[in-house]
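Next come two complexes built around chain A: one with chain B, the other with chain C.
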Partner chain A sequence: MNLDRLRANIRVVGYAFVMTLKQNVIDGFIIFTILIQPLIIALLALWMMDDQAASHAIFIVVGSGLTGLWSSLLFISGNSINVERWIGTLEFMVAMPTSITTIIFGKNLAHVSQSLISMLLSYFLASIIFDLPLTIARPGLFLLSLLLTIVAFVSFGLIIAPIFVMNPGVQGWQNAMEFPVYILSGFLFPIALLPGWTTPVSYVLAPYWAAKALHGASSGESSPDSILIDLGILIMFSTVYILISRRLFKAMLHKTRVDATLGLQ
Partner chain B sequence: MTGYAIEVEHLKRTYKTTVGVLRRKVKNVEAVRDVSFAIQTGELFGLVGPNGAGKTTTVKMLTTLLIPTAGTARVLGYDVVQEASSIQARIGFIFGGDRGLYWRLSGIDNLRYFASLYHVDPDVSRKRIDYLLELVGLTGRGEERVEGYSRGMRQRLHIARSLLHNPEVLFLDEPTIGLDPVGARELRLVIRNLQAEEKTILLTTHYMFEADELCQRVGVINHGEITALDTPQGLKKTVRDLSVIEINVFGIDNEHLDALRDRADVDTVSLREHGQKQTLLIHSPHGSEALPGVMETLSGLHLGGVTVREPTLEDAYVRLVGGEA
Partner chain C sequence: MNRPLVQNVRLFIDGALLSYIALFRWLRPAAYLASKVIMPLNQILFFTLLGMYATGRDNASFYVIGNALQLTAVSGIYGVTMSVGGDRWDGTLPYLFGTPANRAALFLGRAFFHILDGMLGVVLGFFWGVVLLGLDLSHTSLPTLGLIVLVTTLSSSGLGLLMGCLSLITRNIMFINNTVYFLLLIFSGANIPLDSLPLWMQSFAQGLPLTRGIAAARAVIAGQTVHDVVPLLGGELLIAVVYTSLGYALFRWFEHQAKMRGTLEAI
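And now, the complex of A and B:
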């Protein structure tokens, strides 16, 4: 890829990011997914923990934020191609010099980044309303973990979006995929509390490694080396997702051109 | 270079649809059976035909959105299947209707975003967007959200979008569909201006006066095949031997229509609906001499005005598509 093309693609990601945020500001469903639902989860968790809430406050804040990230990924990023088809822009997008993967990457980056607001809101809820002590033990590693979590989630979004386009039946399982991932990834409580046979399932989920790194860095319970290993695994997952997504996008574009399903008739 | 911007040879496209719920059967629908034509560089070519004739399917294959089942098509010398990416940066296209825009964004935001997807440099795109907004008559309205635009404004914004990267070839698929007469006239003016810029344009429409007014050559497509291809004047000559009897009627039924079609002195019969009123268009080689017999066939119906006139391009089209227009 030459430098001009790289610059043009970065510009596309930037425009897609900004335009997506502009559109999402007034979207009721998105407001619920990234603001209301994670807040409800954080509230429930803080009340349920009762006298132990103080010692687990940061865990709850990070965990509820992760629920917002995952829901946003599943419902908003997952539908990112289908939405373009529904509004009639997909046909224009695929017949342009920019690769559709680049455009969807920019859009998913906006969806996932905006859902970080849920983590911020949970932070304010716990510290101001519940007056709980909140400190991030390893801020540098926490920020790095957050950044790599966003990349991993955006990359995962690049896999599920074309799958949802090619297999509308799979999209029907969206709702069923929401809570099991919260639980199996240890967003709100450690997976050690789950039956042993579920552990291998957690290990193959990128959100588990993201949650492990974020919880470890925020609470200080994991050593820096252990967090770096988690992040290494997260990078590996992101790379694999991006490689798979390139093939999936190619297959999706071919299939939609053969089946005439790029646009709604 | 052949001098042709678009070359289509024996293009065919079949859709697979399924019927039934429990016993599902795959059914093949031939949207385009055998289409061949060539458009010269800088030409404004019209493709006309009734709904479902294969116009949009043809355009979608030429714009690389659909893979043909058989045949070949080349745009600017590139094959639409094998060399799609070489075509995409050099063509623009719009489809009828006002979908395909981000309604929550302003017109300018839409254009900026699409310009970035076409890899237009930001400095160039700023000037180009100002120019295009002026070209399509949206100067001063670009900052408004698209959701507040009229249908005609959205169509004009689509034209601006399709021109952001200054394409050499433009595909306009029924651009005036659903527009009010004033909006449609303004859009035709924009198309004429584009022709003046020497762009190659493929326009599909089922409004014959539009094709007559704008196009240098017209291809008539019906049931997925080109049934005639000539200049508007050439096509009109095919009906020079006919006269057209226009009769306003109220509530005509199929029995009367079939009886008219069975008459030996009638060539084709078509019907236009205008709310309560309908207009019968009867082509006859006998002109006003056929009128008494036609009136007799229509006896018992509530009739309005009757006119006998010379044929137009629309009449040529009606004859070519067998009264299906």
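And now, the complex of A and C:
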């Protein structure tokens, strides 16, 4: 890829990012998903923990923020191509010289980045309203974990968006896919509470490694080496997701350009 | 038998059936399975596991019962709201307001199948609780529990009817539905003992559906009799009547306003 092309793609990602943010601030469903729901989950968890809330505060803040990230990825990034189909712009997008993957990457980056607000809000809720002590034990590693979590979630979004647009039947299961990831990824309680047979399922979920790294870095309970291993696995997953997404986007473009059937589904 | 009564009963049944079929045509078996079977199971599991992590394994049944009863709100809030608001979204509201049909039969019919559906959801929730989370129903009077489920479903459907009217004047009804549903997870006592909430929240919770129903279900499952929970059941039923009446009054007022101002399509 030459430098001009790279610059052009970055510009497209930037425009898609800004445009998506502007559209999202007036969308009630998105506001609920990234602000209200994680905040209510944080409130619930803080009250449920009762006298243990102080010692678990940072765990709850990070965990409820992750629920916002996952729900946003599932419902908003998952529909990032479908939305174009619903408003009739998908055909124009695939006919453009700019790769649709680049545009969807920019959109997903906006969705995932904005959902970090949920973590920030939970932080203020626990800190200001509940007056709980909140400290991040390894801030450097926490920031690195957050950055790689965004990359992994955006990459995952590049898989589910074309799957949802090509298979409306799978999209029908969206509602059923929200809580299992909260549970299996250990967002708000350790997966040790679950039966042993579910552990391998957790291990193949990138959100599990993201949660493990973020919880480990924020609480300081994981050693730096352990966190770096988690992040290495997260990078591996991101790479695999991007490779798979290339194939999925190719199949989707074929359906649109050659079969001309995508918009009719 | 007087003729208007027969007509209204027929209108109620036909309206209930047709509105359910017409407005939920999207609800294919897979979507139903995902939204009404798997999602509720996941929700019960999530909050029960969170509760077990927070307060210990011995308290699992507290969360199972609370979240199983909370499932009435899935049909009560989402289903009923979509049934009432569906006419606006599908463009059939002007025809509905143009008919001479009895409004009460029309309005209440919208909730009928969701009440049955909601009860089925709670039964399924208890089934998951028994099979997967060790909920013990050996001391429970099942007819009393059934009565509690019916009354609680009525009250959450009453809230749904009220919110359904809001869907006639706002485009953001799903935002309101989602927020109310999640707030009920806090205020109804499904996941937090009410006495651990601030006083103003406890008072607010007393005016909401589910609160007394969940408390009654917990009492009956612990071995209490129907006589012990009569005050709670009476309170829950009163809530059902109040919310349904408010919803109906609002529905009639919106119809009147829409006709007077010619804002039927604009609301």
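As a working rule, the second predicted complex is superposed on the first by the 257 of 265 C-alpha atoms of A that agree within 3 Å, B and C clash if a C-alpha of one lies under 4 Å from a C-alpha of the other, contacts with A are read in each partner's own complex, and residues count from 1 in each chain.
The criterion applied here is as follows: a contact is a pair of C-beta atoms (placed from the backbone, for glycine too) under 8 Å apart; a residue touches a chain by one contact, two chains touch by 3 or more.
Fair warning: this is a prediction, and the values are worked out from it, not measured in the lab.
Novice: Is A:180 touching anything from chain B or chain C once the two structures are fitted on A? First, second, both or neither.
Specialist: In the superposed model, A:180 contacts chain C only, not chain B.
Novice: Does the superposition put A:37 against chain B (first), chain C (second), both, or neither?
Specialist: second
Novice: Just to be sure I read the superposition right, which of the two partners does A:91 touch: chain B = first, chain C = second, or both, or neither?
Specialist: The answer is first: A:91 touches chain B but not chain C.
Novice: In the superposed arrangement, which partner chain does A:143 touch: chain B (first), chain C (second), both, or neither?
Specialist: Neither partner.
Novice: Where does A:236 make contact in the superposed view: on chain B (first), on chain C (second), on both, or on neither?
Specialist: neither
Novice: Touching A:45 in the superposition: chain B (first), chain C (second), both, neither?
Specialist: second
Novice: Is A:103 touching anything from chain B or chain C once the two structures are fitted on A? First, second, both or neither.
Specialist: first
Novice: Is A:193 touching anything from chain B or chain C once the two structures are fitted on A? First, second, both or neither.
Specialist: second
Novice: Can you name the residues of chain C that touch chain A in the complex?
Specialist: For chain C paired with chain A, touching residues are 28, 30-31, 33-35, 38-39, 42-43, 45-47, 49-55, 172, 174-175, 178-179, 182-183, 185-186, 191-192, 196-197.
Novice: What residues on chain A touch chain C, complex-wise?
Specialist: Against chain C, the touching part of chain A is residues 28-29, 31-32, 36-37, 40-41, 43-45, 47-50, 52, 169, 172-176, 178-180, 182-183, 188-190, 193-194.
Novice: Once bound in the complex, which stretches of chain B touch chain A?
Specialist: 15-16, 60, 63-67, 84-85, 88-89, 91, 93, 95, 97, 99-105, 109, 112-114, 116-119, 122, 161
Novice: Taking the touch rule as given, give the residues of chain A at its contact with chain B in the complex, in rising order.
Specialist: Chain A residues touching chain B: 5, 8, 11-12, 14-16, 19, 22-23, 26, 87-89, 91-98, 103, 254, 257-260, 262-263.
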